[in-house]
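Common to both upcoming complexes is chain A, partnered first by chain B, then by chain C.
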Partner chain A sequence: MLGILASIIDGVLVGLVYGLAAMGLTLIWGVMDVVNLSHGPVIVAGMFGLYLLTSALGISPYLALPPVLIGGFFAGVLLYWIAVHRMVGKPPLMSLLSTFAVNLVLVGLGTAVWGTALFNVEVSVPGVSLGRYTFPGPHIVASLMAALIAYALYFFLHHSRTGKAVRAVANNREAAELVGIPTTRVLALTVGCSLAIACVSGMLIGTLFPFTVLSGDSYLLKSFVVTVLGGFGNPLGALFAGVALGVLEGAVAPFVPISWTLVIEFGLFVLALIAFPGGLFSLRRGAL
Partner chain B sequence: MQLLRLSRRPFFWIIALVIAIFAIAPLIGNNVDLRERLVLDALYITLASNLNIMLGYTGYINFGSIVFYGLGGYICVWLVNSYAWPLGLSLLAAGVGVSLLALVFGLGILRLRGHFFALATIGIIEGVQAFTENFGPWGGSSGVYLSADIFKPLGGPARALWVIYFIMIGVMGLSLYLSYAIKNSKFGLGLLAIGQNEDAAAVLGVPTPLYKAFAYCISAFLPAVAGGLFFFKSAFIQPSDAFDLTLSTEAIVVAMLGGQGTVTGVALGAYLYEELRSYLLTTATFSNFQLVISGALLLVIVLFFPSGLMGWIYSRFPRTQKVLE
Partner chain C sequence: MSETLLKVEGLEAGYGEVQVLWGVSLAAVRGHLTAIVGANGAGKTTTLRAIAGTIAPWRGRILFEGDDVTRLSTHEKAERGFALVPEGRQLFTTMTVAENLELGAFPKRAARAYAERLDQVFTLFPRLAERQRQLAGTLSGGEQQMVAIARGLMSNPDILIIDEMSLGLAPVLVYQLFQTLKKLKDVGLTILLVEQNVHLALAVSDYAYVIAEGKLFTEGRPAELSAMPEIRRAYLGL
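Let's turn to the complex of A and B:
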């Protein structure tokens, strides 16, 4: 019994990181109705950013956070101008295809450079013991950082002038333009923030689990599950849903082999899509 | 009935000519190299034409079209290997089985629209792959090997490859005629209406969820047969080959390159893309960057030429619109 409780608590810790990954996806989705299919490789880019910085410079893994965050932001602005700008307001088919094309380019470059070998970053943080069970240190630190960044995003969206502009554009782009908000710049900034968050979540996941260039697919799927559960375009819902997913993974882990987790998550995803098209945690439409 | 009516139009005979060229060209001088190239062309044309029924006509993007191909391959190889079914029957079983599965999936996920449908198809590809990797009877992640004996009923390996080639050409021809027939039927008009504006189509009496599920189901049949044929040919199947994301992607690139929603364009796009790809694969520098190149190509098409090759041909030579579909 205590074992299940322990794995549920660990699920909460990991789930916070999943929630952060999904926040990046849901932010673009909510603001400009574009599903970023290059989200997976961007998460992987965060992982490899961590790997390169720690192996080349020998710095502590957590010091890699600021450069990864900033790099992700600029990559996001670049992505906006390359693949998203012309697609905003077009039928979903076009933006899906253009971000999917970017996804292919990134995955192709990644496999050409690193192959599909498994990478691992050593993190030494002492764990916290509770009776017979020890919660790994990296899990605790990563979940705290994820929660902190999620809170920072929430604070930015609700209490800063720029953040309010982002929410205004999400609500009604034309009206926002009419009251003098530079919408194009706001959209570029949103994609930047989204990719910065995705990269950081990738970096944090990189401190928890080993990864390959192709890991992006499974984290993209997890992000979809979380986004669907949490309600579209609702960052806070995404965080809660991420925790829910982490708890689910933790709760089923003692009973089924790890390779079945993805099948279960997929089943949950399709069921959630059909049964709760509004999401489990969506309080109201356009909650951003 | 439909085909009889269509057979009075020139385009019907253009397709027949293409099939005849595919069938006869490698026979001249027993050209095995040409046959191996054309069989890949035929595969690409089959996959892209069937994808086009969803992508081009209905306006729904199916990222997981490769699931049909892979599952068809698995069902066929499994029946041949474990139950010693003849090839023809296994292919038919693969096609029917995957179509029924697609109908069940389709009735569920096709209530979703736009983004949500696309996401569900990505979920399906990941889910099905994870399932086969864990499914014991299908050999899990190590896959299934066929013994060399399976080619005996077809008259030995050398002759079997020719038989497989002609079946593949038949599948390609059926795909082209299917796309053509659907485009000129009431069903096809319903799909095109859904592609233009789904709400308006529903108001005008198109049973949208049913039509979409049918389109999804129909577009599953021939890729499943093609998959069965291909994995029978290579006598080996494993999850990473069967659900190869690259092939799924290439089907989308091909359909967009040729011009989504056209029959000619998709076939032309498949041919051109396959020629480009085989050129790139033989060039050492580029073989690693195949995915990058298809991605960049797709991006350029989507950003600057959303109507593809046929869009350019139609605007340049407006008269071709009357003949080429």
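Let's turn to the complex of A and C:
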């Protein structure tokens, strides 16, 4: 019994990181109706950012966060101008194709450089014991950082002038232009924030699990599940749904082989999509 | 004394392949209320869109305080002092009334007098002060129109451009809103107004333009226009 409770708590910890990863995806969707299919390799870029910074500079893994965040932001602005700018407001297939093309290029580059070998970053943080069970230190730190960044994003969107401009563009782009908001710049900034968040979530995942160049797909899929459960385009809903996904993984882990978790996740995903087409955690539509 | 603030010369514009405006010229004098009237589909909204920059003019020029602003983007024009209250209001429906007003003051030119502006807007529309925390999309039609006008005023504009202010509103409210416009004009605001209700437009404006099929049909002072037989027949139903 205590074992299940413990795996549920651990699920919450890991789920917060999944939720953060999905917030990046859902932010772009919510603001410009674009599904960023290069989200997976971007998460992996965060993992390799962590790997390179720790192995080359020998710094503590958590010190990799600021450079990964900033690097992700600029990569996002670049991605906007390369693959998103001309697709905004066009049929969704166009941005799906352009971001998928970026996905293929990134994965191709990654495999050319690193192959498909498994990488692992050593993180030594003491765990916290609760009775017989010990919660791994990296899980605790990663979840705290994910929660902090999620909160920072929420605070930015709701309490800063620029964040309110982002929400205004999401709500009505033409009206946003009319009140003097440079909406193109806001879109570029949004993609920048989205990728910064995705890279950081990748970096945090890298402190929890080993990874390869090809890990991106499964995290893209997890982000999809979370985005849909969380109600499209709603960052806070994505965070809650991420926790739900983590709890689900934690709860089934003791009973089924690890290879079955994805099957169960996507089975429930399809069911949820049928039962709650608007998302499970959508507080209100377009809550961004 | 009558200095032209906004001048539109030979404006042509349209959507895709379809040309809607075929050379519209008009001027808005500083401190005056200028009206544009015309039948449904005449091109009034298209004219305002081309002026505000939400669609790109094909030909012609737009001069503001003597500068050519034809190619400026919409947000740059907002920074220059344009405020368009668009047809259908276009509020930020998922945001609160307070946030809508705050976003109205997004241009840097509005930052200085923000608190003053907010006071002024709440004096004009006391109803909005009570509704600050409510989501704009859940307001009544009349209240939404108040937010739209208030949001336009928050930018501290030189010219307030309003499309179909009276559409769908109760006569009492329309009357109140026109009283409000009068007050704003009296403190020096320039207003360019598109209005369905020609009686009303001619009653409140200093000068009016009549647009038909994308061209200027005629123009003049309200008294002159309402004396013209073709205007009386086609627009005033007399």
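Assume the second predicted complex is superposed on the first by the 288 of 288 C-alpha atoms of A that agree within 3 Å, B and C clash if a C-alpha of one lies under 4 Å from a C-alpha of the other, contacts with A are read in each partner's own complex, and residues count from 1 in each chain.
We adopt the following convention: a contact is a pair of C-beta atoms (placed from the backbone, for glycine too) under 8 Å apart; a residue touches a chain by one contact, two chains touch by 3 or more.
All values derive from a computational prediction rather than experimental measurement.
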Partner chain(s) touched by A:E177 [first = chain B, second = chain C, both, neither]: second
Dominant contact partner of chain A by residue count, chain C or chain B: B
Contacts of A:L104 with chain B and chain C, given as first, second, both or neither: first
Chain B versus chain C as contact partner of A:P126, first or second or both or neither: neither
Touched partner set for A:A168, first chain B, second chain C, both or neither: second
Partner chain(s) touched by A:G58 [first = chain B, second = chain C, both, neither]: neither
Residues on chain A lying within both footprints (that of chain B and that of chain C): none
Chain B contact footprint on chain A (complex, rising order): 29, 33, 35, 37, 82-83, 86, 91-94, 96-98, 100-109, 111-112, 217-218, 220-221, 224, 228, 257, 259-260, 262-263, 266-267, 269-270, 273-274, 277
For the chain C and chain A complex, residues of the former touching the latter: 52-54, 73-75, 78-79, 83-84, 86, 90-95, 99, 102-104, 106-107, 151, 155
Residues of chain A touching chain C in the complex: 161, 164-165, 167-168, 171-172, 174-183, 284-288
Complex interface listing, chain B residues touching chain A: 55, 59, 61, 63, 108-109, 111-112, 114-116, 118-120, 122-124, 126-127, 130-131, 133-134, 245, 249, 252, 256, 288-296, 298-299, 302-303, 306
